[in-house]
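Take a look at the structure below.
Letters are used for the chains, namely A, B, C and D, taken in the order the chains are written, and counting of residues starts over at 1 for each.
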């Protein structure tokens, strides 16, 4: 499906504030960026680089006063996520070199402390895809989704204890439980069609049977039509915005619309 | 200046033909991509990767029959190129590691064979920027610009001998003569505002005084407002399209327009 | 000074166990590997790759039974570390792209939670080198060095509370406090001449005034003659050995000896 | 087999001369460096970096006067090269991204000009391994191996015409003919056990059936026990030494010896 997605962020900076943004999705194996638009107001100098995970990052210094970012894109996405019940665990010795670091604990994913829970949740599952799916379902059924119950310091261990949080927390817990079983797992941030309420979203991917699969613990049956903006070990790596100073986000709009194919053809 | 630039390529493939395209510019230190649009007709699966030079490359298999590509972008560019008369030569031992390979000969830039000519052209120049500028000016004054006089196998040694060619040949010769003096030089392909006749363009950059400077031997006084699409050692690395099979380019349109600032502000 | 350093690790594996080793130092700007020897017994297939931080990593599957690793190297090192009192803070907007991720929190370095402590410790210091040095000295004076008081799950927040630990904990705390002030900081693991008792060691580097400086909170006056084996965000990234399965380290020997220059010349 | 290999290079520099060396082999999928020693006399500052192909490169400025390099290593190698008659051609669209640039022409490998010869040589071969092997055999049978018949500017087109050269020329021609058929091919430089006369050596690898295979046109039946020092597109990329100034190589020794397994065990 072709999606028109985007966001508008309005900040107010009390002093010039360096920002690192991760808002530009990359075309790749799973999605094709047909059109995109990236505007920053007031116009300031922006540079872009590729981080250690391959994400495009934009650097800017927001001047004192109002500062806004408008990003929109038309992206070709897959309607369904791949599901592979029974797909086997990939032994660590067969993992590609570049996947290995996704087995390690990270800031919000203390997989080294969640081994018992992971084993318990997956005790009836075949090693591999079914373990990751059991973890996803367990989180969906046992953690309450509620805004305002977690913050930027909340980690997977916290969420395992409190059993409440938002997409970011669900994701951190899913990643941690997979890694605790030596299944590589990474965080994905981006857009999801028909998310309700609409917002920027986060989910995770687990590496089994020689490739990455999509898992989303916030949904009963995870749907497709996702736009990936960035991959990383956890939210520390893939914040949409990382600010180094005093700056307030006053307003944020996010939208994801299906493109009317008929009207597209006329363009 | 904000430029609207783009190209439209129409192919006809006799059989399914793999293509590698280098048509998407990257935001970076020198330019900011405000808007872009990349359409391929008929719609086929496209993937994108980053090559060893950091360029974004698109892979596609063109199906039998007509195949067209439409790319357009709005890009913020600098009105002037930097000029630095007298800027000193950077000794090889002070070159950054990642710049060293731009001192080596390459397919179309046999710098190992053009040392005498390079020394002769620059015998009255200070080491550094002035050498590169003397090379640029010498090419501008001694090589005739004429379409249809060179082809995809023409190298810098050929151009040094025949003294005729197009922007690609001027560029290969400029690069080779710089490298012959141990000045790192790389090819740039992209768009140039007010190029006449309008076309995709090529020029070169030389590394002196610790940074890259722009040189364009096709112009008397090189102007700014350039959009860089890709960097590489020579045309073998940075072809806009590399095709692996029988495919004909039937038509190509290229445009670069200044955006009317007044109308832009209204948006 | 030329150092002969090395380690010998003896494991016992209950079942074939994948291992990732980080034991081979790289020659670079700060050290030159004159000689090295890397033996694994029994002889098994080993492959090597470079991780996202540039470290050389060795992959191996330890067979059931005894398994030992012998690594030794002769390395040219600097006798003194660089000290630069008063060297200024590098503003975030001037950090190289590749340094930015060292400002982010990580598994054992929850810099997002240690801002108050960092500000308190450095309230009388100039921004930059002096802040990092104040942090280093504060840790040296306020945290007790004692084996057996921390484990592989101990983080900087734990150490800030308990004020006891080993070199790894001192390092995590130092890194976290620097990052809390937006000073990039990274973990270094390797060898230190005259460490007592001799062991593998960890310290940190902070990025100020446009370059990395060495800090070691375990020493009153940090000395030079260090061999860097790996860099990373924290201990999760730079474990000498990461094992994926049941395996016991039965014995470990570490040595660092000054090479008698006279006898060297005879070779 | 375990090999002790190395080289000793003695230079005389008329003035301080920057050098880039490629003498340190890397452990990887095909070889394991058990021991190595790298000495430079007189002792000068050396730094090391990884180039765009993943090779370890050493940078040094040779001072005026005599300058010598001694490198030796003990390396575990495979006794036989893999041979895969009938292994199929990998279509371009299935090549990994990082392999694509090995299909392009380069300084010494003008594959764009050797298509007719490539087709002629391989007209009776199945697409894939058999084509590369037909090319290898054709070169072995039709090009005379003779020292002193080529120099650093000799390219594959020259060798195709003159039909005489050394290992470097054989390799460039083999690479070019493979690439002319859209088979990725790369140059390998290193050591070969029982090469006669002993010297540093060059051969090529071609990518078929999803992996790289070894080809050596200088031998009737290519043997194993090869130590790879570097990979690249051609000799411009993988010179053992690249010097930027006036410097004479006065003497070069190269050795490759089988390690007596019995005596090894005693160590």
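Things worth noting here:
Just so we're on the same page, a contact is a pair of C-beta atoms (placed from the backbone, for glycine too) under 8 Å apart; a residue touches a chain by one contact, two chains touch by 3 or more.
For clarity, every value in this text was computed on a predicted model and none was experimentally measured.
Graph distance from subunit A to subunit D, where chains that touch are one step apart, equals 2.
More inter-chain C-beta contacts link the pair A-C than the other of A-C and C-D. For subunit C, the chain with the farthest CA centroid is B. Per-chain Cα centroids separate subunit C from subunit D by 36 Å.
Mean C-alpha positions place subunit A and subunit C at a centre distance of 31 Å. The set of subunit B residues that touch two or more partner chains comprises 49. Contact annotation for chain pairs lists A-B, A-C, B-D, C-D, with touch applied as defined.
Subunit D makes touch with subunit C in their complex at residues 24, 26-29, 32-39, 43, 45-50, 54, 56, 58, 76. Looking at the complex, you find that subunit A touches subunit C at residues 18, 20, 49, 51-53, 57, 59, 61, 91-93, 97-98, 100-101, 103-107, 109-110, 112-113, 152-153, 182, 236-237, 242, 244.
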